[in-house]
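Submitted below is the structure of interest, expressed as structure tokens.
Going by the order they are written in, the chains are A, B, C and D; count residues from 1 in each one.
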Amino acid sequence: MMVETQEEVPEIREPLERVGITNLRTVAKVRWKGKEYTFLPIIEVTIDLPAEKKGIHMSRLVESITEAMGEAVEEEVLRTHTSLEELGRSVIERLEEKHPHKRAEIWIKTHLILPRTTPASGRTTYEPYDVEVGVIKSENGSLEKVLRVRVIGNTACPHAMANNNGKTHIQRAVGELEIRAPFDEDITLEDMVDTVESSFSSPTYTLLKTPDENAVVRKMFENPKFVEDVAREIFSRAKERFRGKIHVRVISNESIHKHDVIAETWS
Amino acid sequence: MMVETQEEVPEIREPLERVGITNLRTVAKVRWKGKEYTFLPIIEVTIDLPAEKKGIHMSRLVESITEAMGEAVEEEVLRTHTSLEELGRSVIERLEEKHPHKRAEIWIKTHLILPRTTPASGRTTYEPYDVEVGVIKSENGSLEKVLRVRVIGNTACPHAMANNNGKTHIQRAVGELEIRAPFDEDITLEDMVDTVESSFSSPTYTLLKTPDENAVVRKMFENPKFVEDVAREIFSRAKERFRGKIHVRVISNESIHKHDVIAETWS
Amino acid sequence: MMVETQEEVPEIREPLERVGITNLRTVAKVRWKGKEYTFLPIIEVTIDLPAEKKGIHMSRLVESITEAMGEAVEEEVLRTHTSLEELGRSVIERLEEKHPHKRAEIWIKTHLILPRTTPASGRTTYEPYDVEVGVIKSENGSLEKVLRVRVIGNTACPHAMANNNGKTHIQRAVGELEIRAPFDEDITLEDMVDTVESSFSSPTYTLLKTPDENAVVRKMFENPKFVEDVAREIFSRAKERFRGKIHVRVISNESIHKHDVIAETWS
Amino acid sequence: MMVETQEEVPEIREPLERVGITNLRTVAKVRWKGKEYTFLPIIEVTIDLPAEKKGIHMSRLVESITEAMGEAVEEEVLRTHTSLEELGRSVIERLEEKHPHKRAEIWIKTHLILPRTTPASGRTTYEPYDVEVGVIKSENGSLEKVLRVRVIGNTACPHAMANNNGKTHIQRAVGELEIRAPFDEDITLEDMVDTVESSFSSPTYTLLKTPDENAVVRKMFENPKFVEDVAREIFSRAKERFRGKIHVRVISNESIHKHDVIAETWS
């Protein structure tokens, strides 16, 4: 006979908001716009725990992930999801059949590789972006999503440029955009990446031949920006383009300092 | 003639909540209960930026830190702070003279090394804890602090113990406690560490002779706990002991899985 | 007219061993044993630089990667590689046509997800492993490979068990195995993972129902091991099973301490 | 009666090169040139394990550290070490009395904060550097040290400058210098930091007023360097200045790419 310690009444009767598994690495497939994308995400899944239960049944969370992902490791995919948030919803739906709960969350952290065209030679280059997708089911059954992208760009300092006859310090910068919205709101990670990437002094590219490199250098000098300017531009464009609660954070890895500078705002 | 580009009116007139410097490593000294402690913290300082200014003067933030810390690198310390949050307030006070702003924040992340006594042989052992202190000045001038500690302990699974005649899986676990309170609320990092450390199946120790190791092993088996139990115990003790907004997160590095389990709650 | 600064003679005439690109995230596909695996690896590619040249042409390294990987992002894959080291060799071969050099290296770091069967309920579970593959072309044209796997398992302390009537401390442990061998030596990452995973007190599993969890607990208690025992077992099995230079490192995240313990050896 | 499992003969009789403790955070004090410096290092200590012993006595390694460091946490320091490597040797000396071994190693990883003067306004600024010190005792009793410094600087690309009328891309770069030498060789971490820092397009500073910022910008444009140039300059200067085995690695966080570029060489 198995003992189900999780079902016992705990000594300390406190409800817990988020109990589950985290840092689980797995494989996932998504079919988006007719193409199949494979991800190796890190996943977190949590549910709430009522005051009168000692613990949750952790293996059922893993089963929900495994079943929703299961097809992904088969060569012939019978059912794929059209986005990472669809996949997240699918895990939560399976969880509903397996484990009682009032609230549930899933967070999927991975990399997106998107094709771009270089600015002068017109070559195709594949650019990596860090993305994270959360799906949150509330007590009332409503479903929200949180979409996050992290894009590498650059800043060319306008203050140094004004004081040094057009010379200035330039550096890598990282822009982060988060949107929290109802699940059915039409927002794509690709559009979010585009919003951030176009707000730097210049976009960056993995492949750059010399004419492309020259084009990027010219663009940076024509387009000097403080970290504050980049944050404002991402925020202003995101408000125009997307509906939801917006959070922007930009960090510039200053080439003249050992520390970074930061600009952050939210709606 | 210097150009002050920061003072110009930006194209996009959006106020920004947090603009400043981050990931700045420095040295700091604090005199607490008659003893002097040296830290090598990572610091973030931000202020708000109004819609009509293009940028902030970053170097003035660095100057505020440098001046408040300055004495710390001199052998003869003329003025020391009695806690990390006192040091944070001192940076914000200097900032008030240097740069106009309505809101200001400082975050100081470092390690605390505290003496402990081993459970059987009674030896002194020095235990490391990750801590972070934030001081937040609001628009109305009120001052809040955020105190965070991160403590390494362990969990011994009660479910496996009930199903395996007293045998079970045991693992390292990490407990995090955050308290947000008015600046003058009397809360010490040391007491917060103690609250978390006493909530695991057993505390952990850097130095353990064989009789000590035996005592820790016995304690873990007498005191089996889910990650949920640890979170509830920290939360319940913290609510009794401290006033403020409390956030608890416990992560257990399961010895039977490659992923972790998590329990989280807040007031 | 473009200036090719890289071709100039540098002020300081020192040959450099390794010059290239690093931390490049991309997508790669490999067809192994009839199944297709997608990876999102981090890549480093370097070549040597002779004393009389100022720099290398970095974009040609990126082109070699892009071309070798190119097919991987197309849905219809015309040519795939049968292993990560085949893919690495393919990058080096393309590099030979693009950039003169005497020595070349590529390092591909990614995650491998492998199916396993749980010990009692016989379910399928997908387990993640960190892997890294290096391909090194020497001045004489010979090709070597370096294969690395990193596997999460556990240790149950035999010393505490002997002193506490069968009770002991248990914890997550990480085993690393590296083999350096001629390129054509028949060694698979999967076999290396298996060698490490079977050397712990017990393997770990992502999915464990209660009977499986009981089986793992029993196995850990029947099989107590120091970190030293795990290192010796991996080393001894690897020497029997694989030809090449072997390096073993095991780190145990002690549940009774805040620090880790380590055992390391090499052939 | 205690059982000493470590003293038993193991099933697999393989000697192990390095067995010990790692990732131990503690506090250490060093008195150098008349001033006292406090560190919060991460420490690794290992010894060899002969084929016929099952394990080492881990707690004795911790005791050696604790005793050598012990004074550091007392306000009145009775004995301090004159350098991190002196402190490392002191740990190894104590280990000799506590645990039989043929080889021993200690690695101490920490941050060094050094005063600098800004280039135009002449202010004092405190600059952080990552450092690591190893002390290695061989079977024949000889003592070697390994000193590592990691310095943040920058590169201004000479190729882009030649092709864009003096405009170019600039970015943060990280230079690492390692020297392995007999213990008594006179080499200071401060001199090593200086060797690396002076090899970039410009040094970087934590505090920079506008005239200082202008000076750094001018210096970067007057001094364009590939990552290869920086590596060569560090290597060439280090060979002139220090005796020992030298390893140099420079990584440039390209502002026009999402990946980094690397140049590495060794003697």
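Quick notes on this one:
Convention: contacts are C-beta pairs under 8 Å (C-beta built on N, C-alpha and C of every residue); 3 or more make two chains touch, one makes a residue touch a chain.
In this text, all values refer to a predicted model and were calculated from it rather than measured experimentally.
In terms of C-beta pairs in contact, B-C outnumbers the other of B-C and A-C. Using CA-based centroids throughout, the chain positioned farthest away from chain C is B. Averaged Cα coordinates give chain A a centre that lies 26 Å from the centre of chain C. Inter-chain spacing, taken between the CA centroids of chain A and chain B, is 26 Å. Chain B and chain C have Cα centroids lying 35 Å from one another. Listed for chain D are residues 2, 24-25, 128, 159, 163, 206, 208, 210, 213, 258-259, each touching two or more other chains. By the touch criterion given at the top, residues 2-6, 10-12, 14-25, 44, 46, 49, 54-56, 58, 158-159, 162-163, 226-229, 231-233, 235-236, 251, 258-266 of chain C touch chain D in their complex. On the side of chain A, the complex with chain D involves touching residues 127-128, 152, 154, 159-160, 163-164, 166-172, 202, 204-206, 208, 210, 213-214, 216-218, 220-221, 253-259. Per the touch definition, chain A reaches chain C in the complex via residues 2, 24-27, 35-36, 38-40, 59, 62-63, 66, 69, 73, 75, 110-111, 113, 115, 124-126, 128, 206-211, 213.
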